[in-house]
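Take a look at the structures below.
Below are two complexes that have chain A in common, paired first with chain B and then with chain C.
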Partner chain A sequence: MTRYLTALGRATLDTLSSIGRAGLFLVQSIFCLPSREGFHLWLRQMHFVGVMSVAIVLVSGLFIGMVLALQGFTILVGFGADEALGQMVALSLVRELAPVVAALLFAGRAGSALTAEIGLMKATEQLTSMEMIGVDPLRRIVAPRLWAGFVSLPILTVIFGVVGIWGGYLVGVEWLGVYAGSYWSNMQDSVNFFDDVLNGMVKSLVFGLVVTWIAVFQGYDLIPTSEGISRATTRTVVYASLAVLGLDFVLTALMFGDLG
Partner chain B sequence: MKRNSWLELGVGIFMLAGILGLVFLGLRVSGLGVGVPSNTFTLTANFANIGGLRPQAKVTMSGVRVGQVTDIQLDPKWFDAKVTMELDSQYDGKLSDDTTAAILTSGLLGEQYIGLTVGGAPDMLHDGDVIHDTQQALVLEDLIQQFVSNMAK
Partner chain C sequence: MDDPIMVEVKDLHFSRGNTDIFRGVDLQIPLGKITAIMGPSGTGKTTLLKLIGGQLAPDRGQILIDGQDVHKLSRRSLFKLRRRMGMLFQSGALFSDLDVFENVAFPLRIHTELPNAMIRDIVLMKLQAVGLRGARHLMPSELSGGMARRVALARAVALDPDLVLYDEPFVGQDPISMGVLVQLIKKVNLALGLTAIVVSHDIKETLSIADYVYIIADGRVMAHGTPQTLDVNDDAHVKQFVHGEPDGPVPFHYPAPDFFDDILAPAGQFS
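Right after this comes the complex of A and B.
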């Protein structure tokens, strides 16, 4: 009996201390950017984390927009409301799908790579040797990656939304024959820039911070063996996806819960 | 110090794409106008029931879009809804005084909008005038209730 209680207590303490370490880690590393060298490190990470993720975001945004239009059309046409297609595609993309799906793709594409990269640096003791020669690995390695993720996910989300709406236009208007004027005007009547677009941006900022934070922390905190790296990479994708989906519900309830 | 300029170019294009995308979302998708106030004029109309009318809904005439609803408030004097709309300034002074405004629905479940129909009076509507002849939104529940009570007779 005491054995189980001890195990429970140990698990709780481990989780709590891990959360505490993650919080300290975030606070320590997020405030150390402003130097010229740091800017170039950040730029390099922007390239790796942001620019290299554009292709996957473009393709998946296009297909999600297209499938939304196709599904939405077959449902709406049953009510004779196929003119509301633009509204449906734009609202679901801007409010929900663009921030969430872009964040999930980002966790899989960039987050796992960040974890593996930092994990390997730790396993080969590069981080320790940096400390030995007086370079702070938080400043040199972690902060540029954190900021790059924080900045690039909102941009990826915008690209996702634009391409998705365009994909919906391709299927809805060009293929299924919804009138182009009502596609755009219904969209403009219903989408509010501040309530919908900017709230979507706030969501993706939060997701960007959380996903990169989890990825970088998992890499920094792993057990430095090959098995540890593989576990940490898996954990990054799982935790980041769960955090995105859970936070999305909370944020949606806060933002749109009282809009009716 | 020589830096990898291809990398910087890539990041620059990436940032630019994000900004342009946000502009597209603002202008094309949510219909934020630039410099709207200069070329519109304002009319108000009181409706007994606006149904599901919302700000930014379109105002049409013969089905052609001529403006949009900017504000909806409860009139504390008569307890009906006071709807403010902005119309394209080319119609300023062209609509007759007895123009009627009706709240219509596009399709069966589509969004609600205001349809204007011109009358024949000699006086014209100008900026800030009120449309008196209005027709409230069709509320499905009222219609069904009416139908049921007629059946019972």
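Right after this comes the complex of A and C.
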């Protein structure tokens, strides 16, 4: 019994100290002011983190929009409400699916790569040598990646939403024969810029910060061995995915909880 | 030692978990000289370099570099102090996304406002000194271990630092690369007049270039002196280490129960 209590206490202390380290890490790195050199580093990371995630976001957004239209049509047509297909596709994507699925894809593609990259730098003493040269790795390595993730995920979310709506159009209008005018006009009438689009963007900003924070912290804090890198990469994907899903509920409750 | 002191370690205590690494280490590193810190594997030599570089904090004691207490400096002041230091890592620790030229140019680009033409000249001079001017366009993944360490040496002295820390510079090198590195460390020290701390357990090579030697074991300084005085030291620990004897005060065997008891233990009592 005592052994279990000791183990529980140790695990709790480890978790608390890890959260504390992660918090300090975020504060120290996010306030690194961008210099001209920092801007170039950030641009390079925007390419690595953002541009290189566009393909996976495009393909996923297209298929999710198409599936949404197909499923939505089979339900709505039973009520004679197939004109509302555009509204259903757009609201589902803008409020929920675009921010959440883009963030999950981002965690899997860019998050895991960030953890592995920073972890390998740590294992090969590149971070230590940078410190010894008098360069703060938080400023040079972590901050550009953190900001790149924070900025690029909302952009990827917009791309996801736009392509998803177009995918819904392809299936709903071009294939299943929903009237194009009602697809677009119902969407235009029901989607509110502030309530829906802006709230979706706020979600993706929060997800961008949290996913990238988890990814860079796991890379920076890992045990510098091959096993350590493998575990940290897995942890990034698991923690980031769970954080996105959990935060999505909290944010949805805050944003839309009083509508009913 | 009458030379002025560049680095002073006073009553250094450091532990990891329940293991004491250092239990009251005192060192004085003279200015402009090569000082070797030697000792068996696992005695914390690399840890000592990390403590001197401010990457680890001691439990007790002080480390003064040029009179400044490394562990009382703010993060900004510590990074400023590190600009006067170079470090050669055991693995080379070259930045894998930059080629040889850019690796050596890195500290110059970060810490100076020199024009590109001048940075190019300085980098080529440093690479010429380590014999790798022709390899400037290679990526770190294309270098052999010895070449990577020579590039790392060129990078460590790119800013003409006052103090260079060498972490096991000879480990895993073939005889030619090892000879080249020994020569280079000595030449760089003489040419730039810098203070060098060489952490190593390669006795012959290190003693051939060191002006002063500290031998560390069991968390303390076991002996210190010039290479000549250590060579004739009668202490059993020092003799075993300096002459590379397999058994002595540092036992060959890891602590274990009696061999025969272990062999004859009945089945089911294996552990």
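Definition applied: the second predicted complex is superposed on the first by the 259 of 260 C-alpha atoms of A that agree within 3 Å, B and C clash if a C-alpha of one lies under 4 Å from a C-alpha of the other, contacts with A are read in each partner's own complex, and residues count from 1 in each chain.
The rule is simple: a residue touches a chain if its C-beta (ideal position, glycine included) is under 8 Å from a C-beta of that chain, and two chains touch if they have at least 3 such contacts.
Only a predicted model underlies this, so the values are computations on that prediction, with no experimental measurement involved.
Touch criterion met: A:Thr124 reaches chain C, while chain B stays clear of it.
By the document's definition of touching, of the two partners only chain B reaches A:Phe79; chain C does not.
Judged by the touch definition given at the top, the superposed model places A:Glu174 against neither chain B nor chain C. Legend: residue contacts after superposition of the two complexes on their common chain; A:Asp136 is shown touching chain C, with no touch to chain B. Considering which of chain B and chain C touches more of chain A, the answer is B. Of the two partner chains placed by superposition, A:Asp14 touches none, neither chain B nor chain C. In the superposition on chain A, contact is made by A:Ile155 with chain B only, not with chain C. When the two complexes are laid over each other on chain A, chain A has no residue in contact with both chain B and chain C. Residue ranges on chain A touching chain C, taken from their complex, read 120-121, 124-126, 128-136.
Those residues of chain C that touch chain A in the shared complex are 50, 53, 55, 75, 79-80, 82-83, 85-87, 89-91, 93-96, 106-107, 110-111, 152, 155, 165.
Residues 3, 7-8, 10-11, 13-15, 17-18, 21-22, 24-26, 28-32, 56-58, 65, 68, 106-111, 113 of chain B touch chain A in their complex. Those residues of chain A that touch chain B in the shared complex are 40, 43-44, 46-47, 50-51, 54, 79-84, 87, 90, 94, 152, 154-156, 158-159, 161-162, 165, 182, 184-193, 196-197, 201.
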